[in-house]
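We call the chains A, B, C and D, going by the order they appear; numbering starts again at 1 in every chain.
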Amino acid sequence: MTSDTKLDKVEHAMQPDDTPEIRALYRAFADEHLMPLWTQLGDLMPVHPKPKAVPHVWKWSRLLPLAKKAGDLIPVGRGGERRAIGLSNPGLDGNAYISPTLWSAIQYLGPRETAPEHRHSQNAFRFVVEGEGVWTVVNGDPIRMSRGDLLLTPGWSFHGHHNDTDSPMAWIDGLDIPFTQQMDVGFFEFGSERVTDYATPDYSRSERLWGHAGLRPLSQLQNTPASPIGAYRWEITNRALTEQFLLEDEGQPATTAQGHAAIRYVNPTTGGDVMPTIRCEFHRLRPGIETNLRQDVGSTVFQVFEGRGAVLLNGITHTLEKGDMFVVPSWISWSLQAETQLDLFRFSDAPIMERLNFMRSKVED
Amino acid sequence: MTSDTKLDKVEHAMQPDDTPEIRALYRAFADEHLMPLWTQLGDLMPVHPKPKAVPHVWKWSRLLPLAKKAGDLIPVGRGGERRAIGLSNPGLDGNAYISPTLWSAIQYLGPRETAPEHRHSQNAFRFVVEGEGVWTVVNGDPIRMSRGDLLLTPGWSFHGHHNDTDSPMAWIDGLDIPFTQQMDVGFFEFGSERVTDYATPDYSRSERLWGHAGLRPLSQLQNTPASPIGAYRWEITNRALTEQFLLEDEGQPATTAQGHAAIRYVNPTTGGDVMPTIRCEFHRLRPGIETNLRQDVGSTVFQVFEGRGAVLLNGITHTLEKGDMFVVPSWISWSLQAETQLDLFRFSDAPIMERLNFMRSKVED
Amino acid sequence: MTSDTKLDKVEHAMQPDDTPEIRALYRAFADEHLMPLWTQLGDLMPVHPKPKAVPHVWKWSRLLPLAKKAGDLIPVGRGGERRAIGLSNPGLDGNAYISPTLWSAIQYLGPRETAPEHRHSQNAFRFVVEGEGVWTVVNGDPIRMSRGDLLLTPGWSFHGHHNDTDSPMAWIDGLDIPFTQQMDVGFFEFGSERVTDYATPDYSRSERLWGHAGLRPLSQLQNTPASPIGAYRWEITNRALTEQFLLEDEGQPATTAQGHAAIRYVNPTTGGDVMPTIRCEFHRLRPGIETNLRQDVGSTVFQVFEGRGAVLLNGITHTLEKGDMFVVPSWISWSLQAETQLDLFRFSDAPIMERLNFMRSKVED
Amino acid sequence: MTSDTKLDKVEHAMQPDDTPEIRALYRAFADEHLMPLWTQLGDLMPVHPKPKAVPHVWKWSRLLPLAKKAGDLIPVGRGGERRAIGLSNPGLDGNAYISPTLWSAIQYLGPRETAPEHRHSQNAFRFVVEGEGVWTVVNGDPIRMSRGDLLLTPGWSFHGHHNDTDSPMAWIDGLDIPFTQQMDVGFFEFGSERVTDYATPDYSRSERLWGHAGLRPLSQLQNTPASPIGAYRWEITNRALTEQFLLEDEGQPATTAQGHAAIRYVNPTTGGDVMPTIRCEFHRLRPGIETNLRQDVGSTVFQVFEGRGAVLLNGITHTLEKGDMFVVPSWISWSLQAETQLDLFRFSDAPIMERLNFMRSKVED
């Protein structure tokens, strides 16, 4: 729709000669905390999003050993709060932002360790690519963490983690820290030094209350901004995706595209996104499938859950294996290619873009 | 808030003497298709709802034999469409209305019979209090019917039934026929004489696509006025209620009142009611529990699914056994009493009342 | 889409011979308050809406003299409450319903008379086709009534009327009485015998607070189910319609069809209908314009405000003059024809139909 | 609720000694584009918003002469697009951001000048503190700009300005540029070099279609993300505020606090904010009134329209005169004091905060 270089190539009618008067004017602007629009328009209002953030792939094979090393050297506890190592977008120097809106980290908890409770305005989730043995306690409700599970800790929920086993465990955290920090909206509060409940039930109270498809407790008729479901279990996600492929085999509409099954995790009180700022999805591609090249406003992060394949990011192909993570900044073109069956967890800032009417996409046929 | 007799007892200032002139005026009104408000205000605008419909209990022990008898004598087929016997509120003479908004019937299908396909604006559901062996085919999707299941056929969905076994089966139908008939909103269309798919799968395609708590197919992001879930299975309903009582035992908030577990069946695309005019719920009372006496705008129907107890309707106690059905018209006081654990399926016109801002309730402490 | 006679012409497979056994079965049904569906399906579920209500035109030249006569003979006061004469649809015998959902009446108040205050669940409006001098007091706020004004008294607002002049005044009332009576949702309460404020300001407090296009008082950020605007003044309505025609003359999109200007009165807190059950609109046709023949679910009432023309109702043409009123029941075809410029006030039950997902229309090209 | 220094004072359990191993680990993190959370938690997740942006007041008496000077030295035209001088928050060095979300500028157009047409995703408005003679053309609709008017150019609307007089004119622009730039959501496109319509009507087509309180054109029933009203005129704003004070004088609820009248400019299709990211309001304080000290999440900008007074920002009092502008960053305490009657235009990013569930306020009694 818009040409990439249109603004750059235009004859610029507002660049006066460099005269003493102009210099005096610009100095006076600076003295009064003013800046002219005409000298910086192309940066402020590009013809399409030109993110500083760059597409990047982090290899799980390198992340995990570093997390383990941190487990050996860094104690976990009050003050630092979490042994979480943030993925820092190479284009966003000096910030542990994976994108302008999103934070993603690998978190590591050693045998019998506890990460203390706190709460914050930032919305958070955990996704478990491997391992088990840790429970996250959210507002007093202990939630088991196992491979393939998505756990939510929506803004202002108290939460801590503890490892109930003699083995370490790692997982990924996703939050809207960069958004909240740049927008100045975050509050933070310490809670208990130890988690408030060391029980290790298979299912959290939130799942027992809400984990029944199509049923809503009569005691919970008030809609909530974030999903009340504490954990979305792998068994259910896997079954949903499996059924989509079976239905596709039967010639029924079910998949999002041929060979491409996908679900969105939702808030059962509204049918909408799990949290006000973060969308979570899971995608499964049949072997050989290649998705349409597309560009979207907003940024998204993927983690390979299982399988092998590749992602084309801005024209460059990156191979993918289990655990690998990558970020697609705003308006960067991307396409997925499945070598084997390829399972991917995905999260993004799409709720922000949609709620504020900025969403746009461009899909190649 | 309002006194029952206030309007009746008021000095009526607008009752002129019966003079020839008044008679002439009233005759002229009639000639011009006019009617004065002042002669009929109390009926048109009572101080609180004074339904013609009356509370009434139908005993399953009487309904079922009559349905069987109808099975012997009445063939099922095109024209009459369904061997459905409507529960006719004694206060609404001449109409098979269980209330001014709701229709409820016992439907009966003999061995190997088929009820032909059709569609209509009326929203419908089936609830199965006993038996199995029939499949309802909704827009080509065969849906098994088993004890405790709730099946939806929202307005304008093609649907038919067929009995795949050598035994008869009965269930209840609920529709908004009285509402649609009085409001003149209904359309009807015949479909196939035979159901369009005689397959007998355990789970419908709708369940395979949507029956995963908290997960939404990425191919189905458009919200729908009615739930896309074809069947709400007893196993899931029972598990949800069981968990509520277990959570209550653990001292956790879960039940709607002490000893009273309850769920609402919902549309997963919105978290709201399953259909635009009909609310469906399931209630479970522990033995000995008695619910608060209450009055609500709108009418509701219950069917006892299991257990023994009683209902107090307008001050009169009626004993209840499995399969028994009763209607509570608008603003009639009611309270449930459980002798054993008491399981009840419930439906009502509450979405109409809420969407049009007429809902009111009064609950005794 | 559906053939009118389809259901009638079908071979009815469920009409058994009249045998003693069948008679016994039907008698048993009656004893148990049961009614079979198969004997009455065509009435309960017609192929399209077949309203008992009929299209009908009431001539203002006959209504007004009868209202005046009632003014001479019938005092106004507590008990009858209002000197309101309801337009009774000839198809709905014995009820002062203009349609199954709507009530419409001509109300008449003599010099210096007061109609006492009361409130009810029913939503009400007044529209003034001629005259002035009465104030309606809504929740203590006196609202002037003048030609062309629409006044709202949403459900459960206290309201009364008083005539501040030495001349009588008539206007029309519109309410959802038939809906509320059939659905059993109405409450009623007496208020003050005299209106609570006899002031006669030009503009009500509600207008002074809300009558500023695009501006919302910061003290009123809570949305309300009904519009907080007490009166929609003729000057504003007329100006809006005039501008639409001027814009049309300039070749700009503004009118709803060529030569057909129209506005909907809305609730400024939501942009939606003024009341939960009643839609109000004003239409203006240029001389010679004929609207498309159309059918809609739900019923609508028109009053000619100014001009001459005709309405085609179910194939029959009725001429129209100032003050004439007519009703279009559900799915009855209708078209307007303007001889002079034709101004019409319109109200309908469309919010009911839309909120409950029953709306359908069919428009001829 | 949270103590300002809580996080700073806590014993930090995760600060290991500076050993060669730790250094190697941190180096390895850097090599892999990783950053630990524990070294930077306090900055990323402060106990309450600690904006880099600072409260600041710009004096109109200094802004306007510089704008005039720019008018002498800088031509307006394609490439730079606008002679707009942005207010640059002293805490946000190197960016012309008045806050992390908002841009505000003084724009200046000399006699007979034209600022060419373009469109962008950024939402924009103009507010006129003094002067007249310029028309803004929005999607081909010429809109007069006069003192006290608010003009909207919602995202992706083509717009340009032209001065129809022999005198210069200045006004303020407000946009969401900082938000869109940091979030990478902006698109931009050039339009016509000259405005597409040099007509100078008193009222825009948008006003003629939509500027009738409580009335919605039947041709415009689709809700829009931004208000369709092109200009909110001073006459209407002033009348609304005047009425609020008159109602207050009569003892009626109308003002937002004693002596404090205020309106929010709204989208008439929804009753909500005028644009998805920007809230606009107008406030009027009676002489002597002092508002409650408050803190809010999100940033807001005021411009004094008329009168004299002061603002207390983070404990420091700044005097205010006509045209002065000031910004209140997130969670900075503020209070207004009116010496004379004090009229203020206000805009903020509150829709972002509310739609994403981050809004919080703290008001001192």
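As a convention for this text, a residue touches a chain if its C-beta (ideal position, glycine included) is under 8 Å from a C-beta of that chain, and two chains touch if they have at least 3 such contacts.
No experiment lies behind these values; they were computed from the predicted model shown.
*Asks:* Walk from chain B over to chain D along touching chains and report the minimum step count.
*Replies:* The fewest touching-chain steps linking chain B to chain D number 2.
*Asks:* With chain centres set to the mean of the C-alpha atoms, which chain is at the far end from chain C?
*Replies:* Comparing chain centres, A lies farthest from chain C.
*Asks:* How many angstrom between the C-alpha centroids of chain C and chain B?
*Replies:* That pair's centroid distance is 30 Å.
*Asks:* With centres defined as the mean C-alpha position, give me the chain A-chain C separation in Å.
*Replies:* The computed centroid separation for chain A versus chain C comes out at 52 Å.
*Asks:* On a C-alpha centroid basis, what's the spacing between chain A and chain B, in Å?
*Replies:* 44
*Asks:* Which chain B residues sit where two or more other chains touch them?
*Replies:* Residues: none.
*Asks:* I'd like to see which chains touch which, written out pair by pair.
*Replies:* A-B, A-D, B-C, C-D
*Asks:* Provide the residue numbers of chain A that touch chain D in the complex, in ascending order.
*Replies:* 1-2, 6-7, 10-16, 19, 21-22, 25, 28-29, 32-41, 43-51, 53, 56, 58, 62-63, 66, 69-70, 73-90, 95-96, 100-101, 103, 105, 120-122, 155, 177, 179-190, 225-226, 276-277, 297-299, 329-331, 349, 351-353, 355-358, 360
*Asks:* Within their complex, state which residues of chain B touch chain A.
*Replies:* Those residues of chain B that touch chain A are 205, 208-219, 221, 223, 227, 229, 232, 236-237, 239-240, 243-244, 246-247, 250, 252-256, 262-271, 281, 283.
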